[in-house]
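You will see chain A twice below: alongside chain B first, and alongside chain C after that.
And then the complex of A and B:
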């Protein structure tokens, strides 16, 4: 389950590929961003690329608690959805400018995570997964019932941000490539911030918690507070992903709060490789591209995606990127 | 059956003959010879008319969605057989929206960005059509919705690019209410699925009931996708209504009906189901549905009195081993058919002329004359009141409903333009 630091795995290896991987690991932010910069040109259409960015960011945020801290949450749809709805509602009902609206979305999700985290963080393992699932379902029904604000089952429509209104720049999100780079800017900032958090002493604490909670406590770590803080930070990232999704789709569907969305984050993290920096984006890419390609061929796409998932769990439990790192540094 | 659909869906170039290939090759060669400007003109004139068709091929309404796609393909085939738009053929691009609004929005973006569709038609849920509509209206693409919703008529969601071919809950429930209240009594109970569609039907019933002075004796809501209705049905029985209105859909409707039948409620009251669907009735069986009165946009036995219904049924039967089309399938046929009529009339695929043509259009695709009301582009059409037959009265397995009454096409049964928030 656990993965050693890739840089450590690489020690003593003189192979060229390993060298490249090490270089990427050292400059992981640049590597991710460099790839994402040319990314839309590699895919059949831009909306798919935007989805991968957004879900990649969502899985990245989720991976902080799942991969780095080693706690499985089944309630992250709540943060994705809260971010979406908060951004959507302040734009639709209060006419807020898109930039503060995105911040409102992230903060709302952070607050949600603070509350849910405070209630759930003392439980462990399967109990933690169940408590987060239950609380996120509460959020789902709450938003579902607030029909005047959220649109209920019909979803929230009218998040019409097209003209960015930047001084000196005439940018419209109706152009798919512009929309991609608009989302990219936010994802880039988030990825950089995420890397800083991981590199900080706090990042080390998270991994210590994953490896051995008792020892971390013995070393003087405030376990409950650290876990809670990680949960809140994770919520902020997922909320940002949700906000961007609201602007991308111009609607907020109620399904963004559904526990299927939580499952999506788990699946993408596992596919890509949990506890790796690139893993979430690799997972989002694999999942969404496969789904996109297979649905064009057959209506039984779930069968194939499911089989693939089982294959990874059984034979490549480190996920695509995790296995690649292993192989490259052997 | 599904293989057949697939081959239909993947067939890219219907009716491409060697001659037409040769012809276009000749045109192409001339055009290349004549320079790039000519080439562009030739390309625009011969470009296929692409219609995106997002429907939930997977999920609980999968078979209904495949039916819609089959019927829409018939409309496209007929258009092409008639020579298309001066030789320009039409093509249907079916996509799976998985019954999720977010997925539908992405798929619609794909259809617009990658496949460069000229029009979008489809959807099988209120929330999905609203999300498709949000994407298409921002990009100036005409969208013809083929499933029920009241919200899409309202000024907030409407745009000039939005057309609604399906009936809406308001007119369906209203028609059923006007037929049933004077006949069966004024004490009315509602069983409501707790989402927009359920509440929209209640509103339609209540407005229709005002004229008949109905008294609401019970209003019971149940969560969407309930399996067990035993907590809800006794409350209704206790209120002793004359009429029970089932304001739910699909499996909710089927399960609540089966249990109500088991509770002996049909002997105590008349059951109404505004959205009484052909395929749902066939899945649920004659026993559960027997005697239930509901509304429908279509039932195939209409062919006995309406010529266009006969033509549509025959075209469908030819490709589907003699089985008649379903009501929701007919929406797919009419939605795409009317759209292509508009294209032919406008002589172009540009949105604005096609909108103008559609607003003027009187079309009779399968059920008598229909037209799009100017203010909200709602298709004005007749509503059929149907009664589910008992097993012994059925002439064959498809003969499930009796058309007991027809509410003729009229704008009076719709909410007024002012009520919907439209100007003038």
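And then the complex of A and C:
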């Protein structure tokens, strides 16, 4: 009898927490954006915050096929890189204004995803991962060879967008906080769009494909076409992340296209929690802050991140946010 | 009871179906016509080719030879996902639902498949009608108390009922059921059989069943397969009186 009260209390606080989580889930876009709005003031310097924003968006786009549809792609560097290079090239070589240049980047990545997706979508599991990996490496070498356009090994330099040239506003990206909110506006739009897609009937198709592809087909889902569409949408989001990265860094390093970058998306999604809305940003935050902190101590930071990654796979396969959700709703 | 002569009375015809897997012939030149509006059961001992035949007529894979004709239109080789729009739905032999979605979400998805396949914009909870339809279907299969339970947490019999609701979502004129009582307790079997009888009142049902006794009382028409060939067909009485069938089934220790 004496135990009954504390248990009740525990249950009560658990319910409160579950209530908060449910509220956040209902207003997931506002929750993410509210946090990201004050985010740069919580970090030692803004450039790190911008990185987290961009890689969070990259992981978000990747998570559409990986977490929500349950398909592991190992070629998403291609879309991040294509977005970066397309934006960079039209700015550097054609003097295009930054706004259409960013759209060009996202669309170029979407087209890349349409082609790679069409070739890869009929394979499953490990074969899909391998085909996307191979095709993304093709893109890497193609861009590497196009030295006149892409700058080859040195990367593309001179993506200098400083003065935004917005009428009535004196905004320059040389100010780190301005740059953060510049990127934030695009990320906010993307997060809202992403949430809208997840809530749509097509979002239900993604879940159904993850849960049971055969049953989805028997219900009348064109599995190949739906997967392809999801892949293209994912490519658009990752391309946008790449475009923003080109403007953020003012260069496009060739490493953007390297399979290393694909691995980053996988790691961030898993660390944060695959198939959760907040997971990608939590994953990007964890990964990049750890990288930043550990490099102060040792150059072998990857060793520690690797160990952490293994720890998560073995003990917390739902990732940080996924485990938190489970704990809150226990 | 059945009129086998006039073709317009047949919703589905399987013509000279042969199915080979490598060197093994699972079905050999099977021709069967399924009368519209009736409950036809495909029976036969283990290894008779029932499941292969089911998979061929439900479009899981095309036959090596032969044609499938649905309402006078050839559908051999039609992709599986088009079947629901033709009005043909199926349930699987092994329970096949969306485990981590709730019962309601399961059925709502199946309903959504009929109209909103590539809509990436409108929030799905705006389609109240779909939700109402889903609730109605769940009531039909007596799962109305389990709307918000995850499919994986339902009992085996309930999951099978849920699968029937998924199949009904496209309002099929032809419902194909592959051993709908497989793995069920006797009580669950009775409930399922009642449901099947109710469904057969409104549409054509073809079901595959291993246990002959189970379908004798409820079918209008029976098809008996043995070693991949058509052994007999007709009304339950005709089939029961067939010497060949008796021999095959008695040999298996079932009657």
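Please note the rule applied: the second predicted complex is superposed on the first by the 316 of 330 C-alpha atoms of A that agree within 3 Å, B and C clash if a C-alpha of one lies under 4 Å from a C-alpha of the other, contacts with A are read in each partner's own complex, and residues count from 1 in each chain.
Keep in mind that, in the parts below, contacts are C-beta pairs under 8 Å (C-beta built on N, C-alpha and C of every residue); 3 or more make two chains touch, one makes a residue touch a chain.
Please read these numbers as outputs of a predicted model, since none were measured by experiment.
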item: Chain B versus chain C as contact partner of A:155, first or second or both or neither; value: first
item: Which of chain B and chain C A:238 touches, first, second, both or neither; value: neither
item: Partner chain(s) touched by A:44 [first = chain B, second = chain C, both, neither]; value: first
item: Contacts of A:299 with chain B and chain C, given as first, second, both or neither; value: first
item: Partner chain(s) touched by A:254 [first = chain B, second = chain C, both, neither]; value: first
item: Partner chain in contact with A:274 - chain B first, chain C second, else both or neither; value: neither
item: Contacts of A:64 with chain B and chain C, given as first, second, both or neither; value: neither
item: Residues of chain B defined as touching chain A within the complex; value: 2, 6, 57-58, 62, 95-96, 98, 100-102, 105-106, 109-110, 113-114, 126-127, 130-131, 133-135, 138-139, 149, 151, 156-157, 195-197, 224
item: Touching residues on chain C, where the partner in the complex is chain A; value: 79-85, 89-90, 92, 96-101, 105, 108-110, 112-114, 116-125, 127, 166-167, 169-170
item: Complex contact set, residues of chain A against chain C; value: 196-197, 199-205, 207-208, 211-212, 214-223, 225-226, 229, 233
item: Chain A residues within the chain B interface of the complex; value: 44-48, 51, 147, 152-155, 157-158, 160, 162, 174, 176, 245, 249-251, 253-256, 292, 295-296, 298-302
